[in-house]
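Naming follows writing order (A, B, C and D), and every chain is counted from residue 1.
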Amino acid sequence: MGQAIAFYTLSAFILGFAVLVVSTKDTVHSVLFLVLDFLFVAALYVLLGAPFLAAIQVLVYAGGIVVLYLFVVMLVNLKRSPEAHHDPHRRARLGFVLAALVLIEVGAIAAYSAGGPVRPAAPQAPPTAAATAVSAMRAVGNTEEVGWLLYTNYLIPFEVASMLLLVAMIGAIVLAKREL
Amino acid sequence: MITPTHYMLLSAALFIIGVIGVMVRRNIIIIFMSIELILNAVNINLVAFSREWQHAVGQVFAIFVVAVAAAEAAVGLGIILAFYRNKETVNIDEMNLMKW
Amino acid sequence: MQYIWLIPLLPGLGALVNGLVGIRAFSRRTSGAVACATMIAALGVSLLAFWELLGLPADARAYDVTLASWIPAIPLQTQSGMGSLQVPWGFRLDPLSGLMILVVTGIGTLIHIYSTAYMAAEPRGGVARFFCYLNLFCFFMLVLVLGNNYLVMFVGWEGVGLCSYLLIGYWYQKKSASDAGKKAFITNRIGDWGFILGIFLVFYTFGTLDFRAVQNAAGAMRVESAGIGVLSIICLLLFVGAVGKSAQIPLYVWLPDAMEGPTPVSALIHAATMVTAGVYMVGRNAVLFSHAPTVMLIVAVVGVLTALFAASIGLVQYDIKRVLAYSTVSQLGYMFTAMGVGAFSAGAFHLMTHAFFKALLFLGSGSVIHAMGGEQDMRRMGGLKKYLPVTYATMVIGTLAIAGIPPLSGFFSKDEILFRSFEANKAIWALAVVTAMMTAFYMFRLLSMTFFGAYRGPAWEGAHRVGAHLAADPHDHGHAAAAHGAQDSQAGHGHGHGAWHGPHESPNAMTYPLMALAVGAIVAGFVGIPTALYGGNTIEHFLEPSFTAEEVRLKPDTTTETTTGTTTETATATGTLAATETTTGAAAVTEAESVRSVRLQPDQAPETPEAEESHALLELGLMGFSVLIAAIGIGVAWKLYVTSPEIADQLAERFAGAHRVLSNKYYVDELYDATVISGTMAGGRGLWAVDRNVIDGAVNGTGWVTIISSWFSGLTDRTVVDGLVNLVGRVVEAGSVVFRRLQTGLVQNYALVMLFGIFAFVSIYLFMRAGTL
Amino acid sequence: MIDQLVIPLVKILIVLNATLVGVTYMVLLERKVIAWTQSRLGPMRVGPYGALQPIADALKLMIKEDITPVRADKWVFTAAPIVAMVPALIVYAVIPFGDTVNLFGREIPLYITDINVGLLYIVSVASVGVYGIILGGYASNSKYPLLASLRASAQLISYEVAITLTLVSVILVAGSLSMVSIVRAQESAHVWFAFLQPIAFVIFFIGGLAETNRSPFDMPEAEQELTGGFHTEYSGMRFALFFLAEYANMIVVASVATTLFLGGWLRPFPNVAWLSFLDVIPSWTWFLVKSFGFLYIFIWVRATLPRYRYDQLMRLGWKVLIPLAIANLVITGIVKVLLL
């Protein structure tokens, strides 16, 4: 019950702020709504038993990425409104309608599937080799479990991600700097 | 009882809001933020199923998504800045050099 | 004896050093020293190896060393199914090759030392080149004699041919020298063609190229007394090779011309070693030849005819080296005669003794030429005895040796051959005896014209006039000087322009080898003193294992059984290898001889003491007769060229026709020119005409056809292909008017398409789900 | 019910009030210490030795007129001080002030909660604190505050990296993210992590100065250049909130440093038996003493060192502290793998 209340409250906030992010005229306000949205998503993660991810969400998204957005918004000191020019070929309305249709369809699928066997028959065992090690870890805590997986089964993706970040770092410097 | 279906619906709604933002807004910074929303929608799904299956692999992938989002934001904002320096605008409708 | 591969390798190393470094960097002395050092080292190793070989029991005197694998196992069709062509770099030391390496390294070393003085006036790089070639020759010659299979032998065979070519053409600026080199090389090709065909056939027949294996296999085959079998064909082909290399009729023509090379080369290659390779090869394949009596007869006949023929030409030649060249051909003929009558040991023995005295004679003639400043015509010599005492003495020894005067080496080897040919075939013996007389004659003619009588050569500065009748003739003098000068300028040889101070004795580096060889020419025969003279005929016993198959020697009974078991009835009477068969059989002489040679084993020869005694008497008689013959030849020569030279001219005038024929060497070269060479040229011209008209015409026609068709093709290309391409382009261009409207350049429109895709997929999924639910 | 609701609420109340009172008296302490450093007396009028000066200040700020500039972004302008204050306060949720005490027959731990990502929580929340400054500067719609806020946020983000890396080193040594576990780890290791990780400790201290905009890194508030920094346009209670948030952050940094590097509530030499008479003193006292010492050093540094230039500040952060921290982390990892 308490979980349901929490879920619906958080969902309402998440969706509400998301709508505000998309619809607000002032870019800075939009960014602030985005931060709030992220914080509520982090709260949702806590609700889902993923405190480590929640902390990462706050640290990286709220504390890092969105600060970047704020910087850029402040640096891009616009003399005229960014929405001033409108290309007549763009079919924004059609996109809006299509997106709504997709949402309705997904909702319909969810509604249809509500009684159906969407869930697996039982919470089945995780299909990995390190299953036993992970289940041993689960007793210790969420952070250890994630760390264990990250540095064993997913070490190579992890390294690839680190390379991606390095490349992105260099790319961002090259792009943003006026003269190298 | 909150089932994964609920989380999926929340995720789908957040996703569609992000998509609408990408479709409708002309300020490229807002579009980027909409993309962040989309990525968060995906993460919610991943974490929800991580909980459902009692396995942390979903969270691991969420971390990868966060890493990719960070890279995307860095490069994307760099591009925005570079573009702004050249054209004094962040309106995506004015970024049409590739058209016929 | 594991180290015998060092023997060829050391001269090879010397050649490498002289060739890579020496030509650019070494002084004359250094390159000579390098070459001589490698040869001396090789001689030392050879002596050591030979000593060890002597230490082995007589039956086991064979040692194989496989240095490396050369040709990996290649499956090839043979007579008995699929065989495997596998050839190692294998060397084999047995009595025959042991003898050969001693001859090659021993005489080679002496000639190397001799060359350091003889070539001293050459340009620096030329000397290094000369020694490089000479060392290379020794390397290949040693590979040839040490190789334990046909292919390694062939490598040496071709290598010595190459070195021969290079050394004959050493003064390559001189056209006659380079022509002579080419002639030698091309003539050898004919022989090599036969040799390699023989090797092919050997492999096809026996499935192996190893000498010992082939010998053993051949030893187990029946003697092809009736008709021509595969062994006969093999032997014939191998003999063709031998004929080319050893300058026998009809391929002897290159050897006299090869005298264009420096004299040490003539001595080493064209007298002592390379030309005997053919003899060696026949000896190597003694078992095969023994099984082919027909070919043996051919060998003997060719040998004796060559001996006679070359000796008769040698009678009237004036060029000192040419006389010796024809003498060499003649002596080689002797050796082949020995081989042909089955006296393989005698042939090899004569090979050895001949190597000594012919090398001696050549080096002596070189010394004479050296003394005369390049003059080779004997008519311009005479009376040199007092100027060249050492040369004279050694030359006398060499001449007596070749003439067959006891107790010099030539006597023993030549009489062994004569005795064995007398036993085999009287006709051949008769011809050989005539040759022996001629040999004695022309050799003493040479000696007389060179060392006796009055000096007929050109005058030199400040000299007292000797041989005035020639020197007084200004025309002749001018001619001689011109010839001398020409020789100098062309060959770069001699003692400098105008610095010739008359005939003089050669330096020590030349005379010491002469003396050493003279000692050799005296004593070399003592290893083969025949039993008739109460000697042991040591060399024959020593060499015998190399000429027989192992099975025959070791297991005569089983061989007999298997052979008789497999041959037809008629063969048992005449052609078996029955160890007890004697010469009293009714078979033809050559055949009996050949069969006998297979099992020529003294301890098995069942001769009664009486027969042995009569044998010895016969041998002694023949010896006496041949010494008499030689003495007659010497006497005639003495009479004609020393005591009363005018008789020689009278004789030449009286028999002018014969003299002309002999002087012109029976017009063989002209005959070859007229037939083979001009035929080849005509054929070449004909082929060229065909080439120019038919083939070029076809090519040009093809070209024209191509041009015309390409013109059409181009037309098609321009209209049809380009048209199609342009059509495609136009269609795309026209279509793009419609489709390019999709490319709005608006990112969000592209995203819209993606969204539409999502919508489509979700819709499909929804409807499929709707069906199932 | 009592365990789950009442006791935590009571603890939260105590911590919040203690923090706010501590912050106010922190201001007084700073003024006094600086005055003594400069051979002055400092506040002396209100109360004995100026002991009531903070209360007077608070009253003054509360009754002052609250001005909102006309061109300001009103909502953001209002929200900014709150955004600055809230993270500074909620960090205290995971800081362990002392060992468990026995009160009224209950075992009561002297911390609000002990979550197993405690350190990560602190870092995350601290990273949100930067919004207060950015928004305050931006919403004022005035150039000095905007410049100051950009400077401040750049400074905070830069030094956050170094600090986080030092924390990771400590985590490696302690083997846990939980604050309580880290203190316990120092107990079982018989040594403060300040001695195991001296480089990390120094970097953390310098980074802490920068994070709290303290001298010599008080660039965002450089009066001479920016007329007071990002809160130039603020007055009254909103200004007070920014002010309090800054001092609250100082106390947070001191508390975290105490917990991570100075053994938290542990008495000196907790494993030396003959010093066990020191256990008479309650554990939270040790915590307070250590934190106070830390804060005193903050003030001392402010009174002593001149201000850095901005580029020097950034250079120090990126080119010295971060590489040092990375090297320290790598060495720590290698040592840990090889020796432990």
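The rule is short, and it goes like this: contacts are C-beta pairs under 8 Å (C-beta built on N, C-alpha and C of every residue); 3 or more make two chains touch, one makes a residue touch a chain.
These numbers were taken from a predicted model, which means no experiment stands behind them.
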Exercise for the section: Select the chain whose centre, defined as the mean of its C-alpha atoms, is least distant from the mean of all protein C-alpha atoms. Expected result: C
Problem - More contacts between chains, A-C or A-D - result: A-D
Completion exercise
subunit A and subunit D have mean C-alpha positions lying a whole-number Å distance apart equal to 30
Exercise for the section: Could you please state the distance in Å, as a whole number, between where the Cα atoms of subunit B are centred and where those of subunit C are centred? Expected result: 91
Completion exercise
subunit B and subunit D have mean C-alpha positions lying a whole-number Å distance apart equal to 34
Practice task
Would you give the residues of subunit C that are in contact with at least 2 other chains, written as numbers and ranges?
Solution key: 744, 746, 748, 751-752, 755
Practice task
Would you give the residues of subunit A that are in contact with at least 2 other chains, written as numbers and ranges?
Solution key: 52, 56, 64, 71, 87, 90, 92, 95, 98-99, 102, 106, 113, 142
Completion exercise
In subunit B, the residues touching two or more other chains are 19, 22-23, 93, 96
Practice task
Pick one for the touching-chains graph, please: line, ring, star, complete, other.
Solution key: other
Handout entry: Pairwise chain contacts, counting only pairs that touch as defined
Key = A-B, A-C, A-D, B-C
Exercise for the section: Report the residues of subunit C in contact with subunit A in the complex, numbered from low to high. Expected result: 744, 746, 748-749, 751-752, 755-756, 758-759, 762-763, 765-766, 769-770, 773
Practice task
Quick one: which bits of subunit B touch subunit A in the complex? Just the residue numbers, please.
Solution key: 1-10, 12-14, 16-30, 32-34, 36-37, 40, 43-44, 47-48, 50-57, 59-60, 62-64, 66-75, 77-82, 84-85, 88-91, 93-94, 96
Practice task
Would you mind writing out the residues of subunit D in touch with subunit A in their complex?
Solution key: 73, 75-76, 79, 115-117, 120-121, 123-125, 127-128, 130-131, 134-135, 138, 146, 150, 153, 157, 160, 177
Completion exercise
Note: in the complex, subunit A contacts subunit C through residues 87, 89-92, 94-95, 98-99, 101-102, 105-106, 108-109, 112-113, 116
Practice task
Name, in rising order, each residue of subunit B that touches subunit C in their complex.
Solution key: 19, 22-23, 92-93, 95-100
